[in-house]
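The chains carry the letters A, B, C and D, assigned in the order they are written, with residues numbered from 1 in each.
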Amino acid sequence: MSQLQPAAVKDGKTAGKKIVNEFCMTFSTINGSGSATANTILLRSLFRMGIPVSGKNIFPSNIQGLPTWYSIRLSKKGYLARVEKDDIVVAMNPATISTELDFMVPGAVLFYADDIKVDLPREDIVAYPMPVRKLIKEAEVQPNLRDYVANMVYVGIVAQMVGIDMNVIYGTLDHHFKGKKKAVDSNWAIIQSAAKWAQENLEKRDRYFVEKMPPLKDVIMVDGNTASALGSIYGGVQFTAWYPITPASSLAETTIEYLPELRTDPATGKATYAVVQAEDELAAIGMAVGAGWAGLRSMTSTSGPGISLMGEYLGLAYYAEVPVVVWDVQRVGPSTGLPTRTAQGDLTQIHFLSHGDTQFVILLPGDAKECFEFGWKAFDIAERLQTPVFILTDLDLGMNTHMVKRFDYPDRPMDRGKVLWEEDIQKLVDEGKAWGRYLDMDGDGIPYRTIPGNRNVHAAYFTRGTGHDEMARYTEDQHSWENGLNRLKKKLEGNKQLYPKPVVEKMAKAKFAIIGYGSTGPAIQEARDLLAEKGIPTDFLRIRSLPFSDDICDMLHAYDRIYVVEMNRDGQMRQLLAMNYSDCGAKLHQVSHTDGMPLSAEWIFNTILALEEEK
Amino acid sequence: MSQLQPAAVKDGKTAGKKIVNEFCMTFSTINGSGSATANTILLRSLFRMGIPVSGKNIFPSNIQGLPTWYSIRLSKKGYLARVEKDDIVVAMNPATISTELDFMVPGAVLFYADDIKVDLPREDIVAYPMPVRKLIKEAEVQPNLRDYVANMVYVGIVAQMVGIDMNVIYGTLDHHFKGKKKAVDSNWAIIQSAAKWAQENLEKRDRYFVEKMPPLKDVIMVDGNTASALGSIYGGVQFTAWYPITPASSLAETTIEYLPELRTDPATGKATYAVVQAEDELAAIGMAVGAGWAGLRSMTSTSGPGISLMGEYLGLAYYAEVPVVVWDVQRVGPSTGLPTRTAQGDLTQIHFLSHGDTQFVILLPGDAKECFEFGWKAFDIAERLQTPVFILTDLDLGMNTHMVKRFDYPDRPMDRGKVLWEEDIQKLVDEGKAWGRYLDMDGDGIPYRTIPGNRNVHAAYFTRGTGHDEMARYTEDQHSWENGLNRLKKKLEGNKQLYPKPVVEKMAKAKFAIIGYGSTGPAIQEARDLLAEKGIPTDFLRIRSLPFSDDICDMLHAYDRIYVVEMNRDGQMRQLLAMNYSDCGAKLHQVSHTDGMPLSAEWIFNTILALEEEK
Amino acid sequence: MATQTAVNLAGLTRNDYKGAPSTLCQGCGHNSISSQIVAALYELNIVPENVVKFSGIGCSSKSPTYFLNRSFGFNGLHGRMAALATGAMFGDVTLKAIGVSGDGDTASIGMGGFKHMVRRNVPMVYIVENNGVYGLTKGQFSATAEKGLELKRQGRNVFGPVDICMEALASSATFVARSFAGDPKQVKEILKAAFSHNGIAVIDIISPCVTFHNKEDSFHSYTWGKAHESPLHDISYVAPRDEIYIEDYEEGTTQEVTLHDGATLVLKKLEKEYDPCNIYDAYRVIEEAERNHWLLTGIFYIETEAPTLFDSHNLVETPLNRLKPEELRPAAETLDKLMANFAQ
Amino acid sequence: MATQTAVNLAGLTRNDYKGAPSTLCQGCGHNSISSQIVAALYELNIVPENVVKFSGIGCSSKSPTYFLNRSFGFNGLHGRMAALATGAMFGDVTLKAIGVSGDGDTASIGMGGFKHMVRRNVPMVYIVENNGVYGLTKGQFSATAEKGLELKRQGRNVFGPVDICMEALASSATFVARSFAGDPKQVKEILKAAFSHNGIAVIDIISPCVTFHNKEDSFHSYTWGKAHESPLHDISYVAPRDEIYIEDYEEGTTQEVTLHDGATLVLKKLEKEYDPCNIYDAYRVIEEAERNHWLLTGIFYIETEAPTLFDSHNLVETPLNRLKPEELRPAAETLDKLMANFAQ
């Protein structure tokens, strides 16, 4: 075994400067080896030390045996986006170590399992071997747990070398294993012995340190899918039909996890909800539309391929005016694409989903807190407007753990929309008023609906995706058709007060504006700081819904140049903006890119800078 | 029975003027009664007299017993679009007669079955009763054929009254019944006796006449679906998978009709093609993609709901680079909508079909001749670019019979694209050249493909919708992904010479341009003449494909105002143009409308005029 | 003196069960099935407001417009009724559901959804109006078209027919029957039994398409059906409250099955020894009938005790769609607790 | 002196049948099936270039990458392999097709397509690597999961399993078998017979998911399977050119079936009297096995004479994908004739 001798840092420029709480560590492992626990322990421990952190998991589309990376970024300044370079690499996978070296900054640190042959070509890297096998052997671990325990070795060594508080690690372990003593103890033992080994055998020759910071107030760590699931539950979801698909599965699975606790009748133990795993996405959306029609707060969650199968039913829901909420946790397409990578590539598809003239409300949460918030609001909007509402997140937002402000309990009562029950219908009848399922009684484009189970003899109507008049009767009449379709447009565009408004952040003397949405917010914010440092202040408009808010129009007119930043090839949001605001099209510039990785501030900064220079 | 007394024409203005070969007749019947034959006989007879005609069938989405209208427009000037008013109505359906009266011009003519109670509120209409029952009785028709024969009564009476040449009618009958003497004779008998009755009993009091015109050279009458089917056959279609749906069914059914005659080996009687009726559209497109991959000229034909089900497979075909041709004979959506009415509502859906960044070649034939032409060209384009090609027609173009120039035999050899067979692969190997399925060897974005069945040991590759590199190996590598996806864009946008260019028609001193596409061409042309008469000359750009031709960009820059005319609610072509040509967005004006009826010149004229006045 | 209109035990007239006038072809088998649905529900004294109707797309799927105007209904998508109904029924599980589909709708495009709905034992009367053809799109082969059938424009069908009853059985259906639109009495009795069944009741009804597929010698025609129908048994439905009284009662020749709601199904055996509670018998006769091209009708299989989809969901008593906001949104304290757990 | 590598009658080594290294979990049943596919094709002397591979999406559907590198393959969409393969095979009907699917891929999302492909008797070896779970999406219930199964995060499965063999049979499959990845010899013999069959050969192979569903007491686990597998018969495949020679031959204890290409399937009966050419027997034992929770393996049914999809298309001899432009585009005169007919 070629044992690599620790090299001294040779990079004169950076040597000596201590780097505290502002760096990125990447753990390179093999999936299926159980490294998730180790990484989570480290992430949460840093978080508990008050350090702003974010974790990004880059994993393959298989179950076991392929390279996987987990990056933890610490940023005392609070930047949470992905960075493209690593400061510290923990290498447990011999297959990828040479790639990792390419991404390491000068002065970076390499921890590596000492049974990996490392041919270190760079002198500017500090390398520490880790005697993983030896420590496991000493720990007398059962053979089937060895791979798993190996990961705890790096937890101990890294913690020791960068200075993570061991008590905090213990607390995190306890939290992680929900106090199960045996699990906590066995993991703790190996972490401790690894830390001890490091203390005794490794001399600190690098510049990276972590230090406790003041507690982060009202901040939690959570993944977007959990936030979405909880948002749905606090929104009163009654029916979910879903079909497994990465990266959406954990959204539905988390509802299954929390619903029994949060939504059963305490007296009888009976459920106020139902979750059905459908046989496919055609069925999932069919069931969800059925349930929405029958008066339930109904939803489904899926990813791109699922959306591509749901078009026909969503067109029906749009035209027959059925409320339903659809989560799209986006991954990289087209086709099966990169199922375990992130993108924002489904926007135009969804905007134009289904044949004929359709239109869909789309909500675009920017972080886990908004996943929760839009989760409950989406039901209000869907039921108020009697229409499908999409919520688009992505793999990065959905599956990675993020630091975010704690969720606020809904600040308003549920809006179940215009529903007529027995008494309501009877009252109309008694007053001699004609009710029609598709009659615009209030002039806002939104009719009143009844719900199956309403036993009033006048309540029933027949729902169909074929032409119907205001009284829900079948018709092929030209005017009924056109009026009906125009009312649908009015319904969605005339009630924009219901949709989340864009968030605007300004800098004094901004030279131009940046538009973004969804998970790319943190990278854009950081890029703006970089631009500002270069003397280019910018304003930022984060779009949170479609149809577009009227504010956007004003904003667009206020700037000469607007860069639309997004994570797809075609600049899909830019396309939609150009289409909607024809007179502003020329000043909307595409800043888009998709390779499966979350956007970095660096890329945004460089791209915009280049475009600015070109102009 | 309230017998209506023929009224004299009271409208002073129009009385007396003879109207020849420039009017519209509508036959109002009940579907399932066999009126199609009668209407076809009349249409074809007029055509044979050299009169430019077009027929439009307005039929319900059921099989029997509901109102149906067939309108024949005669226009010596050659206008073939729908008109909104009727000059002559033949009323066989008591249920709708009052509606029909609303659409009649002053001085119009009403023929009506004399067992219908007609309460004629208008004095400006000439009404002729038709003793349908009596004539049928005299003809001693079998009871089960009575409804059908009733329609022949109006053929005879109308022919007599407007002056259609009886010999021509006989010839048309003979053609229609393919010379089957019994059918010809029995129909002829009733037509003759009806004509005779009219001659003896009706006094001509109206102004409408038909007169022979010089023969129409090189002109045929055909429906778009037949043209499309034949275009596919002359394009060498080898595999069709389809699922029945109005208005697309007759496209596939017509291939079934002609293929045995045109495409079986004369020696063995064996087929060079296969047509499979799939179990649904998911299967139809799956089969078609499979066959395209396996080297067949492969297609499917459907309408909106089918497209909504095909999104997932088409995304795969786009990304895995499989040639396949998809016909969308559009009907009115969203959802099941009006299945027997026409629209251009699937354009944006198809442009953005499937999740992730996708892009599709779309051909937009403007008449039946182009259906034929694009039918064969589509295979060349699909195979050359190794990508799905859509052809969008609509119910009006597809199912109605149109007068059109005869089809030209393909003017160039088939282009099977970059295919490597055994020898080709071996040659590369021998030359030491690396072939990769997705390797851009020529720099045009188009790789070379091999086809299953190629027995060279180096020929095989594994096709997938997941990330792959140039050698078709599975990869999740960022750069491979991004490069691959960018090459796909280049492939479609860098080879625009393959797509049909727009057709431009100019008038001197045009004030603005009109953009249109597909079946609305005739109405736009007529509207332009109306505008010109008002002193507003216009230019016309008919788009025939997407991605947009570079010519379009130049055109857009040449005008201050451009009206985009289309048959949908949202102005979908305008949306796409605004998106693609951001700097021209502001001058693109939406002139769109969808109520299931083909656009009329009148509507286009009025709408544009109003917009011009507004400006 | 005005004539008294007859009313049933629910106090309703037959008229109260009617729908809009049919727009199907005169003589279409589907129309006669609609009539029997009206008759069965009237005779069962089921109030229309307690029924909910579903269908896909097709002539058959139009039928729900033609009965029970006073019931909610949803005419969904082609081939996708199963999922729609499954989701919708969660709204109020006290409603009785009836679905009408076609052979194209169920056995071609809808096969997957149909099978999975059956497997879930969703309590619903699921009628397939089976004419072996696509009516609404004008006469193409459906998946139940008999082998060798020739149709205008389509040529010859080379595939064996999907057998709806066999499919239902393979998916563990708990009520499987076949009938013939030309035998309205049997249709009605089977419908009544189906409405008393707690679980999926699949009824495959041969229902001739008089316009596109009614050739005398074809399996799905009136003429052929009338000449060849061979019932497994005579079926009498006896309501819970009625006493069982069957004419011609003879030891060993009848079988009684008690249905979920206490009604009794009395089957008078004809020709064959047949036990509809025995699944092997069911497989055997269905396979036999298919192979021999028999139009065998009757209740092939019934299993009264299987749990339904809803049984496994342990729902609150109140119909879900009547729950109040406060029953749906967890209290603020619960969120505080969760947030504490997610916090540092 | 170099060692001679063994070659088969096609002059190929085992290596020539290999695929890329597997990225499935160690011990996954799917890997052992891939090995048997390699072995069977090697022993059958089938040249890889004459084979074409298909799959859907799932761990199982990844398998085709792990065998036969020299064959074309298409890893399609989840649940949609059937249509893809059906269309693709028209390209060159002289190719032998093998499809690998999962239980989720075939029995959940892919049910409709699967049934219709079987019904069309598309000549293909259709393998379902059945582990009762969704492997690739990390352990949700598939439609073949046994009733009562409990899985982490998913709770308890309340539905009865879809039985792939029963479904195949109900759709008139012409070759229906079940095997167990833990019984490689049987897997191989069945595969060989399947490749000699002219029509759809559905093979349901219980293939444990060691990561998400391998509990000792569950039907889809190795442990349970090894302990409970009960073969209907011992299967020996005898190639067309070989003489049949079976040890322990005893009057009446074996049955021979001649396959399409002249090979012979020799079935040595175990315990039960079983005739795989009798469809009633097939229904009976499959139903019995399901009801009693037996892992019954073997060839349930085989029908050697049924026409395939391609038989009904009467295609020219040359593979369609090798036809020349002039064979595909009708002559100009034919268009003239048509135009004359459409003209005035």
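Assorted remarks:
Here is the rule we go by: a residue touches a chain if its C-beta (ideal position, glycine included) is under 8 Å from a C-beta of that chain, and two chains touch if they have at least 3 such contacts.
In this text the structure is predicted, and so the values were computed from the model without any measurement.
Across B-D and A-D, it is B-D that has more C-beta pairs touching. With every chain reduced to the mean of its CA atoms, the largest distance from chain D is reached by B. Work out the mean CA point of chain A and of chain C, and you get 44 Å between them. Computed centre separation for the pair chain C/chain D is 35 angstrom, with centres defined by C-alpha atoms. Centre-to-centre spacing of chain A and chain D amounts to 40 Å, using the average Cα coordinate of each chain. The multi-chain contact residues of chain A, meaning those touching 2 or more other chains, are 60-61, 279-280, 305, 312, 316, 335-336, 464-466.
For chain D, residues that reach two or more other chains under the stated contact definition are 77, 108-109, 111-113, 116, 143. Residues 23-26, 57, 59, 62, 77-79, 108-109, 111, 134-138, 140-141, 143, 153-155, 211 of chain D touch chain A in their complex. Looking at the complex, you find that chain D touches chain B at residues 47-50, 52-53, 64-65, 69-77, 80, 82-92, 94-95, 112-113, 116, 313-317, 319-323, 325, 327-330, 332, 334-335, 338-339, 342-344.
The touching residues of chain C, when paired with chain D in their complex, are 108-113, 115-116, 119-120, 143, 158-160, 162-163, 166-167, 169-172, 279-280, 283-284, 287, 307, 312. Against chain D, in their complex, chain A makes its touches with residues 32, 60-66, 243-246, 249, 253, 256-257, 277, 279-281, 305, 335-336. By the touch rule above, chain B contacts chain D in their complex via residues 47-48, 50, 215-216, 218-222, 230, 233-236, 238-239, 241, 262-263, 265, 268-274, 276, 278-280, 282-298, 312-313, 316, 376, 406-407, 409-410, 413-414, 416, 450-457, 459-466, 474.
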